[in-house]
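Both complexes shown next keep chain A, but they swap its partner, so chain B is in the first and chain C is in the second.
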Partner chain A sequence: MAFQVLLNFFIAFMWMFLQNTYTLGTFAVGFFFGLLMIFGMRRFFSSRFYFLNVLAVLTLLMIFIKELIKANLSVLQIILTPKMKMTPGIFAYQTELKKDWEITVLSNLITLTPGTLVVEVSADNQTLYIHAMDIGSAEEAKKDIRDSFEKAIKEVSR
Partner chain B sequence: MIEISKFIIGAFILLGALLCLIASIGVLRLPDVYTRNHAASKGATLGVMSLLLGVFLYFFLVQGHFNSRVLLGIVFVFITSPVAGHLIMRAAFNTNVPLWENSVQNDLQKKKDEEMNQHDS
Partner chain C sequence: MKRTNLKTNDLILQTVVKVVFFIIFIYSVYIFFAGHYTPGGGFVGGLMTSSAIVLLLLAYDVKTVAAVIPFNFLKIAATGLLLALGTGMASFFYKVPFLTHAHGPVHLPFFGEVELASATAFDLGVYLVVVGVTMTIIQTIGETE
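For the complex of A and B:
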């Protein structure tokens, strides 16, 4: 993937040299044509067309912001209700992710999800111990994490 | 145009201040370290982020000055505050700070106890 980005920059610079104008506008045009060329030649690369990864990163960022706002609303609701009715607890969550950065991103995401906060990552990187505000909804939270976050992170690292 | 943007900026800054206030009320009201940490790490993150966004928009739209340091500040808060929350949580757990009495489940304590038993036997 990094190779494709580098190649795209190289094509953009090539375009600037061909035009003999060295402005941001020419660079952008060259970059666009480079993107088209790489898209046309995508079967010769070992990894997939890199723009899909860029889109996946953007999706992940959107999920981050959405979850942050949802988390704040739910914390707000718990704080402002007169009676403390929640049932906190720590539950274990098995993750399928392997690389260190994936687990870091996943635990950051979980921390910003409504009602969950990571307490500990086990030594073998297989289990996350998560403190939940409301353990009753833990099963639902687990399913949520598995379906949306892990999938989005896998999509980025594919 | 300026008037509309002033309304938006005001909304961002008031929202940020309100979120920070509610987060600090949460720190006072909630029963133990872990639940307080929920309030502090989530409420304060979004509160400070929207405050900074309001500041950035004010200088950009009203005064026409693009301050990239404020944007960097937003990014840094966004990256670092969940990590800080996690570290405080972990330090509290490893120094045996008890959970609230109404807590119902504790998988991590179970695992720790098992490890201790293995050492003993």
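For the complex of A and C:
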């Protein structure tokens, strides 16, 4: 992944030196040609074509923005509801993610979603304790997290 | 609340601090260099650098931070004072009063014409003194049980 990005930049710089014009436009053209070349040689590398990772990061960003808007609207709805009909509680969630940054991003995304809040990460980094506003929908929340966030984060670090 | 011997897992805090530390640090450097024409300068820059290191101290323990940043902060404060004094003394070589600051365009290789001022060196002295003193105070209070 990182090697492919570096190679792409190297090809772009090569292109600039060959053209003997050092502008952003020439760099962009060289970068585009490098991207095409790396796409053609994508089976040559150990990791997958890096542009897919870039797309995965953008997907994660879109999910983040969507969840932020949804969360704030649902909180608004809860505040304006006259009677509260929920039972708060804490449930454990087994995560399959391994790296520090993955767990951090997952925790922050869970905290932003409506009705859930990460309270604690267990000592072995494999269990997240999540406070739910309505414990009745805990199973549903687990399924949601597994399907949307964890999948998107796995897609980035594949 | 009952105290337990279980250490809490600071994973999220530590991961976020690893990123945020560099943002605060580069902003403090920007503030330091902005001090000549816009608000900022050595004092604020020094305080912000200290606050970045304090953030590290909050996320990790004192021993880890001492291993990562192996400086004696008292010596840093002394270096800053010497630098500020030296900038003042440099004016004697040009037969002008103490602490007279020179400034003007200087031709540097690769960068071209750059407006430099000797006040920046004085400000760097102030910066180092502020970082050294703040960190010394915090570490001394933190280490006493």
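By definition in this document, the second predicted complex is superposed on the first by the 158 of 158 C-alpha atoms of A that agree within 3 Å, B and C clash if a C-alpha of one lies under 4 Å from a C-alpha of the other, contacts with A are read in each partner's own complex, and residues count from 1 in each chain.
Here is the rule we go by: a residue touches a chain if its C-beta (ideal position, glycine included) is under 8 Å from a C-beta of that chain, and two chains touch if they have at least 3 such contacts.
These numbers were taken from a predicted model, which means no experiment stands behind them.
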Combined model on chain A where chain B meets chain C, clash or fit: fit
A:28 touches, of chain B and chain C: first, second, both or neither? neither
Which superposed partner A:79 touches (first chain B, second chain C, both, neither): first
Contacts of A:37 with chain B and chain C, given as first, second, both or neither: neither
First, second, both or neither for A:69, with chain B first and chain C second: first
Which superposed partner A:129 touches (first chain B, second chain C, both, neither): first
First (chain B), second (chain C), both or neither touched by A:107: both
Partner chain in contact with A:6 - chain B first, chain C second, else both or neither: neither
First (chain B), second (chain C), both or neither touched by A:120: both
Per-residue touch tally on chain A - higher for chain B or for chain C: B
After fitting on chain A: smallest Cα gap, chain B-chain C, Å: 5
Residues of chain A at both interfaces, chain B in one complex, chain C in the other: 107-108, 118, 120, 122
Chain A residues touching chain B - in the complex, by the definition given at the top: 64, 68-69, 71-72, 75-76, 78-80, 84, 86-92, 107-108, 111-112, 115, 117-120, 122, 129, 131, 133, 135, 138
Of all residues in chain A, those that touch chain C in their complex: 100-101, 103-104, 107-108, 118, 120-123, 125
Of chain B, residues touching chain A in the complex: 19, 22-23, 25-26, 29-32, 34-35, 37-39, 41-43, 45-46, 78-79, 82-83, 85-86, 89-90, 93, 99-100, 102-109, 111
Complex contact set, residues of chain C against chain A: 6-9, 11-12, 14-16
